[in-house]
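Following this line, the structures themselves.
One chain, chain A, links the two complexes that follow: it is found with chain B in the first and with chain C in the second.
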Partner chain A sequence: MPSSTTDHASRRVIGARAALIWGVIATVLVTVASVGVFLVAPEDADQGVIQRIFYFHVAIALVSLVAFAVACVAGILFLRTRNLRWDDVSVTAVRIGILFSVLVIITGSIWAKASWGTWWVWADPRLVTYLIVVLIYAAYFVLRSSVDDDRRLRFSATYAIVGFVSVPLSFYSVRVAQSFVHPVVFTSGGANMPNSMLIWFLISLAAMLALFIALLEVELVGRRTERALRALTLRLESS
Partner chain B sequence: MTGGNQYVVAAYAVIWFLVLAYVVMLGARTARVGRQVEAITRMLDREAAESDPPKGDDG
Partner chain C sequence: MSTAVNRPRWTRQLAGLIRKDLRLELRTKETVVAMVLFAIVTLTIMQFGFGTRDDDLTRFTGGLMWVTLAFTAVLGVGRSYVAEREQRVLDGILVSPVPRVVLLAAKAIAIVIYMAITELVVIPVVGIFFVKGPYWDSIGWIALVALIANVCIALSGTLFSGLALFTRARDLILPVLFLPALVPVIIAGAGATHAVVGGPHDMSDYRGYCLFLVGYAILFLLVCIATYDAVFDD
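And now, the complex of A and B:
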């Protein structure tokens, strides 16, 4: 077997190992965070038990933006190197980012219903701009499926980069527009919560970040393996 | 269960359900790759059974 093939196979194995390790880390952290959020974190004096939605809701929201940032950086790296690995990272990060965004919208709506008495507030800039971000990234897959081969890869990478412009717009909109409906917990002055809550939020954030990395690694291993298998099948069929 | 608790349980149930569904989807993909590996293995076995001479310049 040529050494390059051996190296490639080894890298795939290392990738699978990384996915396994991150899977274990994510499972442990999500379990610890869940126990902490439900059993240890103090109840909010103002909102009561429904405030417990905050821990995962905000953590998932932040990680969804991280996912879109990863897609953007991977898009830049793909356009610079034309290495398919970066296209894999970009498309996978967008996919997981959308999954997390859907979770943010659903959990946010549940929290809104419990707290404000309505599922959605169209007048709130944070909610609307976040929805726009999700729709922009949903269109990524429409674009990706509508063009083929090399153009698909280039267009997808470019879209992932341009689409990321919407992320800081959503993040800062609530501060610029002075939203009075959606609370702003983290300001330039720090977190507006006691340390006994902040610690469980940080653990939840670490858990969601580990979950994102684990899902990313698993998907990447799957995509690399599928591509290798396709190439192998073509070689066998043509021989 | 109080109204507040119901909302909290619903929110976390949605999170765990969708994440689990995503993991199941990844598992289905892995299973599909496994089937492809089996197909290639069968193809190689068939070729070995036919025991043709190595491919040459036979046009």
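And now, the complex of A and C:
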């Protein structure tokens, strides 16, 4: 087989082009969102400039939930098909979900310090529950590293599903635990903000979603390349 | 010669597995006695950890009780599969035609019984140790929330102990997996206890926490049924 055809086929299997496209989309959207949030969006009358952290804080929080949902669905698909591709997606989504959840806690703490004068508010169930969610998903990697072979894949998929059960509990706790500290911006009646803010929030959300997909694709390309390299090394050693 | 296999009904399988667990415990008395002693030691430490001998800890009763019960549950759940693994009984059960969900139910029921026995001691001891004021009128309500919480603890604990069983350093892995998932149970258990002890007897709060625990149990039951086959798919 000619080498250019082989290269083309390898690239298609590895999926580098999709990662590149999503990387470009994420860069453009994050740039537009940053400019819009800091320069164009109206300033909140009560909280002033610190309220602008909301656009990223809430967007990252929602996307972290999407990441854990993707990990859960990929876990289910792995248990049904035993296709390694879904294990790759699941573990990568959990990794990015944890990263985003830590960012939620950091941005939430900064907002708490500016608004309420303290870095941490135990009375706020959302902040606390995000901490619990991070602890739950951090245990995913402890579990994954302490089992081998087939069990590692099965247990990781199982735990990705079990971990996702904590996510609706976390989300629900904001409504049930009657928090009077955290501003509830989205209610069942819709968004509690003017359209000039809502549009920039939606752009930030799209930017964070694109960033998640881009990071997912890049990590998956890395994993597929590693696997292809390992297979090639084995073939060369056996020939 | 007939090749048909007379497989026992699932109810008989379940009863057999529970009987096996309870008989093992009655003979060795390793798990429940250790759980009760551990709980009392923890409650004693709590008194000195949270205040001096004269401090009134009534308003912390719920927290003290449920933190103790959560740590005790980790201890009990951690022991739940150990005897079977050490004696290779688990291999026998796994190759027998027992559905995995029956194995899950048997283990969960055994944990509920272990926890209930522990709470028979812990709930009165908490009242004697920490509560200055009315307590014994509310003990039925505390027992009820403890019963619901036991189902939550047993369902999630059975699943996590199954996962931790095959890991390296399983004694370390189990608390790391299990305790974060138990946090909602501790919050609801402590909240419900506070609603009836040392507080204004707010029964609507109590009902809310109990309903939350029922929701938690249902959610984990569904997850256990969906994933238990994958845990023991050897």
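To be clear about the criterion, the second predicted complex is superposed on the first by the 225 of 239 C-alpha atoms of A that agree within 3 Å, B and C clash if a C-alpha of one lies under 4 Å from a C-alpha of the other, contacts with A are read in each partner's own complex, and residues count from 1 in each chain.
One rule holds for everything that comes next: contacts are C-beta pairs under 8 Å (C-beta built on N, C-alpha and C of every residue); 3 or more make two chains touch, one makes a residue touch a chain.
Predicted model, so just to flag it, every value in this text is computed and none were measured.
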{"item": "Fit or clash - chain C, chain B, common chain A", "value": "fit"}
{"item": "First, second, both or neither for A:Tyr159, with chain B first and chain C second", "value": "second"}
{"item": "Contacts of A:Ile50 with chain B and chain C, given as first, second, both or neither", "value": "first"}
{"item": "Which of chain B and chain C A:Glu219 touches, first, second, both or neither", "value": "first"}
{"item": "Chain B versus chain C as contact partner of A:Ser146, first or second or both or neither", "value": "second"}
{"item": "Which of chain B and chain C A:Thr107 touches, first, second, both or neither", "value": "first"}
{"item": "Touched partner set for A:Ala210, first chain B, second chain C, both or neither", "value": "neither"}
{"item": "Touching partner for A:Leu236 - first (chain B), second (chain C), both, neither", "value": "first"}
{"item": "Superposition-derived comparison: chain B or chain C, residues of chain A touched", "value": "B"}
{"item": "Where chain B and chain C come nearest after superposition, their Cα distance in Å", "value": "25"}
{"item": "Chain B - residues contacting chain A, complex", "value": "2-5, 7-8, 10-12, 14-15, 18-19, 22-23, 26, 29-30, 33, 36-37, 39-40, 43-44, 47, 55"}
{"item": "Complex contact set, residues of chain A against chain B", "value": "34, 48-50, 52-53, 56-57, 60, 99, 102-103, 106-107, 110-111, 113-114, 211, 215, 218-219, 222, 225-226, 229, 232-233, 236, 239"}
{"item": "Sites on chain A touched by chain C in the complex", "value": "79, 132, 135-136, 139, 142-143, 146-147, 151, 154-155, 157-159, 161-162, 165-166, 168-169, 173, 176-177"}
{"item": "Residues of chain C touching chain A in the complex", "value": "159, 163-164, 166-169, 173, 176-177, 180-181, 183-184, 187, 208, 212, 216, 219-220, 223, 226-227, 230-231, 233"}
